[in-house]
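Quick heads-up: structures coming right below.
The two complexes that follow have chain A in common; it is paired with chain B in the first and with chain C in the second.
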Partner chain A sequence: MTEPVAAVEIDGVTKRFDDVVAVDNVDLAIDDGEFFALLGPSGCGKTTTLRMIAGLDLPTTGSLRIFGEEVGMAPPDRRPVNTVFQAYALFPHMTVRQNIEFGLRMRRVKDPELSQRVAEAIAMVRLAGMEERRPDQLSGGQQQRVALARALVNQPKVLLLDEPLGALDLKLRQEMQQELKALQRTVGITFVFVTHDQEEALAMSERIGVMSEGRLLQVGTPREIYERPASRFVADFIGRTNLLEATVDSSGAVRLSSGARIEAETSVPAGSEVAVSLRPERTRLQPRGTASADGHSLDGEVRDITYLGHAVVYEVAVGSMSVEVRSEGEVGQPFAAGDAVTVSWDRGAATVVAD
Partner chain B sequence: MAGVVEVGLGRRTRRWLAAWAWVVFAFLYVPIVVLVVFSFNSSSRVNIWGGFSLGWYGEALSNEVIISAVRVSLIVAFVSTVVSVVLGTAVALALDRYRFRGRRTLDGTVYLPIVIPDITMAVMLLVFFAEAFKLIDSFGPRLTLGISTVALSHIAFNISFVCVVVRARLDQFDRTLEEAARDLYASAWETFRRVTLPLIMPGIAAGGLLALTLSLDDVVISAFVSGPGSTTLPVYVFSSIRRGVTPELNAISTLMLAASIALVLGSLALQRRRASASQQTQVL
Partner chain C sequence: MQPARRPRAGTGSSGEAAAAQAKRRQGMLLASPGALYLLIFFVVPLALISVYSFATRTSTGRTSLSGWNVESYEAIGDDIILGIIGRSAWLATLTTALCLAVGYPFAYYLATRPRHVRAILLVLVMIPFWTNGLVRVFAIRFLLGSNGPASALSESLGFGTFRILFTPTAVTIGMVYSFLTLMVLPLYVALERMDWSLTEAARDLYAGGSKAFWKVTLPLTKSGIVAGSVLVFVPSFGSYVVPDILGGAKTLLIGSYIARQFRDARNWPLGAALSVLLIAAMLIAVALNQRSGSGAEGGDRRRARRRGRAADEAEPVTAAV
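Let's turn to the complex of A and B:
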């Protein structure tokens, strides 16, 4: 027992609904105390994965362990996890207090421990004074907190959150992001949350698993996912990027279809078809001829300009391709449509994605 | 009102419609008023006013045949309501939740007793009981029509009504609430008892009230399947009419009217109390 046990360990799990494969052979280990995000577009299998951890859906094949204990086929009431549901699923016929007490009562926890733990949970989510209200008398943010308290009062080993902030407006969502992060540090347990919002995933989690069409495409820290996407899908889904079709050169560089050579590290064998990912905010514009063509630049012509206040976005035609350049904190507008320019970037900003 | 632009109906049309509404209202309620007024008539002639009297009420309440009919009606109504609420709710849950062989057929036919005419239902049940008795009697017992056949028949049509009302409620039910309960360590049974049942209870109560009313109201089916000593009140009233309307019948009808109004007011009061209870918590 020297190796730390993963909080959640998913081994070759597949879930089929009739003939639709919702989750396709997923392997994933989530560490103890980690804030982990499952990110992907709707229908990618992230919610089904979460529901399988909760026990609300059972895997078709594969194994699922929580702190080393096999629970793949166990009913939800036999698992040391609790869930915050997407629309909260608060019991409408119960008061805030009755909602929060529910799990403890089901596990036959008696007073004084019962009332003490409920009081602590209510204090933790700052709902004191609201105990006797019913869910329909609360705002969205308050309902969200009741849902959190109702789950956390049971002291689960893992807390599962299904799009927890999806029903809130933007300002409240940003507040709740901070609150959730703080809450996770306070209670110190593993949080697994599902979201389709990549900014939310980047802002909140320690690690992200990106899913698409039932497959887990990449797992990594927000920085790894953003800076070193493993596939076109991940590069494109997380933030904005320019994906330029290219072929791997024999000299460890890549060549675009236009013939331009770009220096970028890759382990893919020469001759492979790849794409180069260039983040718009990592590129800059200079008048043509002032930058040396050292494998970190492309010549083009400004086609369109979008002024956003805090940034200016240029669309630059490079041969038959179009490259987006995002320039932040710029004063004035030195370039106009039709200007001959050079798009350049720092070493390491161009990333090769193989598939 | 001044300043409000009239759209659609002109003033004349509106007056006519209002007058028409009053006519319809009178059409509905004048017979009831006549019935109630004449139940207090001291004369033994139904259509001649002989002064105010409570005499016919005394007569009706001391008539042992009537008392027995009331007793039968209440027993049948109670038993058929309880049984059909349990069975109808179970059928509604099964149709809502599970996929099983014959589900579609059951789904399509469970409502049949609502649409087929009472008289068809009555003949069907009578034939059914006759055949069933023939079969069972061949093993020894001698069964006859009586209070249990009336109760069984009422259960047979009430299940459909309860089922329809409960299913309507289940349609709006959010299944994630059950998932939440399961996630919070409730067993399947506890989930049903503490989450599902309380939330579909208004539907079950409405179905039960409907069943109670339909059972107390039924004449045609009860008349066919009742035997000696198992006459319900509506059947008694109906058969007495053939001997002529007496002020006694007016008194009974008025009592039945009062009972059903009390039932409706009672359920309204219950709903209102619940609504105000939840409003009070809002103020706090």
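Let's turn to the complex of A and C:
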């Protein structure tokens, strides 16, 4: 039994532009057939990482393999990958068909294979009848599908997508999320996509790599990333959270700076400075005194209420800290500003982040 | 409510019309000094030249406006004159081609520098352009002369004296030098506007560096190539100073020949007829350029309009997906 080869293997890759470190010593393995998201704020190095896989930027140091083959220094035209560019980069002087044919023609694929593959690609992205149009005669969603077809027609081993949905409006973006997922299942190849939109990353990918300031901070399934963030940055960047400063106690619990003691699983040694991440939607509000003090609650006072229709957001003062509580499906107006309340949560909802 | 709204909309649109009319009047007022200037110093002399081209040259070399004829135009059919026109056209074509060959890589280099470097390089490009043309041509004459540095270099390398001045080669060198900026600037503009992610896309789709250039960069900078070529071809076809100073008598071109008709030969009708012909040829060239240029732009606009419609039509389609 041999170990399955990773689709993309990035080994100690660093990219420097003059004296700016865009990507800092990144190690990452992306599995065959995986839908992988590189997520982070702008300037975090995710796009540079993608460009290095494509060959549009070359790593300063480190090695990069695609299905076991070292390609770190290979030019883009010698790599078995294709890219869907951020603004699609469709050739404006060519028709839809000519755009899609481009890669095959460069590799001297001849008819009848050429026309057959182009027809299949056009059918796959549902662009039949649009073949003779030019890119500027298409809507944003159609342009995006041409970009997909133009890349996929080459049957790359890995498809790279740079903010593929960034240029679309919200409604179309949600539809395209589903379409992209379905497409990836159909073609069965590895998709690596870059996004700054955490919801998009959570909704679409099998695994996410979170980047910040050139570093890869955490790699995991959407659930792992959301529920077990490894750092303050990840906890804060993915969804909304309350980050409460605390110190690890000798008994494996943590003591908040206000002095309150709460239970939370941690492997960090006693005495360490940590933060407790508490998601607003995992917390509940109860009148003070009705919840048992079991280490999964904090006493406070309602300071502000924001009504959102489908949810109500409470800002609760707990000592000198402020805790956001998000309540859905509430009937009536159970709390008012100034009420003495207890914020409580289920065992396991509070996560300790050490870094 | 509805009926009350309509008359207001009516007054609104007539108000708009009045505003548009005022704007037109203001525009005419602003344009009138320039228009007047062009009328006096461009249209009137042009009309005079046209009139002279149908006049007669008397035996004493004076121009007689009595007795209109097309003899001067018939004289253009002369082999010598046709030869001069042919040589001028060939030299203009050669100049344009060389300017393109030299200018494109140069403009490419310029356009791909970082923004602050670009600004400095552009000024450097413009300096010769701002320098008196005559001075520049005399500088070339000195450079290429048998006592000049080029000759000295050639001699020191053992190739003997450099005899290039007063040959068509010298004229070509001078013309390329004089008109290169006119080629570089439109090419620079086209290349600077180039979306480089398109060449990256070509590289990503298995095109090597040169393939990506020929298939993507070059076609997308066509507007710059056409504009630059017209800007170089038109003045080099009628060029008079450069061939006169660098070409000597051996390289007689249409521009110099026309000048001679007005000065030494005292044949104003022939000079005028040749001028009219030259102007007509250039107008045709410019019109063709305009048509291809604005044709493309018009196409863009048409496409943009269609795109708007296409996007509207596409909504239900994508919604259905």
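Everything below uses one rule, namely that the second predicted complex is superposed on the first by the 354 of 355 C-alpha atoms of A that agree within 3 Å, B and C clash if a C-alpha of one lies under 4 Å from a C-alpha of the other, contacts with A are read in each partner's own complex, and residues count from 1 in each chain.
Following the convention adopted for this analysis, contacts are C-beta pairs under 8 Å (C-beta built on N, C-alpha and C of every residue); 3 or more make two chains touch, one makes a residue touch a chain.
None of these values were measured; they are calculated from a predicted model.
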Open item on the list: After the alignment on chain A, I want to confirm one thing: do chain B and chain C clash, or do they fit together?
Closed with: clash
Open item on the list: Output check: A:Pro76 vs chain B and chain C. Expected answer is one of first, second, both, neither. What do you get?
Closed with: both
- [ ] Quick one: classify A:Asn154 as touching chain B (first), chain C (second), both or neither.
- [x] both
Open item on the list: Just checking: does A:Leu56 make contact with chain B only, chain C only, both, or neither of them? Give me first, second, both or neither.
Closed with: both
- [ ] In the overlay, answer first, second, both or neither for which of chain B and chain C A:Ala87 touches.
- [x] both
Task: When both partners are placed on the shared chain, which of chain B and chain C touches more of chain A - done: C
Open item on the list: Looking at A:Glu132, would you say it contacts chain B, chain C, both, or neither? Reply first, second, both or neither.
Closed with: first
Task: Contacts of A:Gln142 with chain B and chain C, given as first, second, both or neither - done: second
Open item on the list: Touch test for A:Pro112: chain B only (first), chain C only (second), both, or neither?
Closed with: neither
Open item on the list: Which partner chains sit in contact with A:Glu175 here, chain B, chain C, both or neither? Use first/second/both/neither.
Closed with: second
Task: Touching both chain C and chain B, counted on chain A across the two superposed complexes - done: 54-56, 75-77, 81-83, 85-87, 89-93, 102-103, 106-107, 133-134, 137, 150-151, 154
Task: Footprint of chain A on chain B - complex, ascending - done: 174, 176-177, 179-187, 190, 194-195, 198-199, 278, 281-282, 284
Open item on the list: Could you list, by residue number, the parts of chain C that touch chain A in their complex?
Closed with: 195, 197-198, 200-209, 211, 215-216, 219-220, 300, 303-304, 306-307, 310-311, 314-315, 318-319, 321
Task: chain C contact footprint on chain A (complex, rising order) - done: 54-56, 75-77, 81-83, 85-87, 89-93, 102-103, 106-107, 126, 133-134, 136-142, 150-151, 154, 172, 175, 179
- [ ] Please name which positions on chain A make contact with chain B in the complex.
- [x] 54-56, 75-77, 81-83, 85-87, 89-93, 95, 102-103, 106-107, 132-134, 137, 150-151, 154
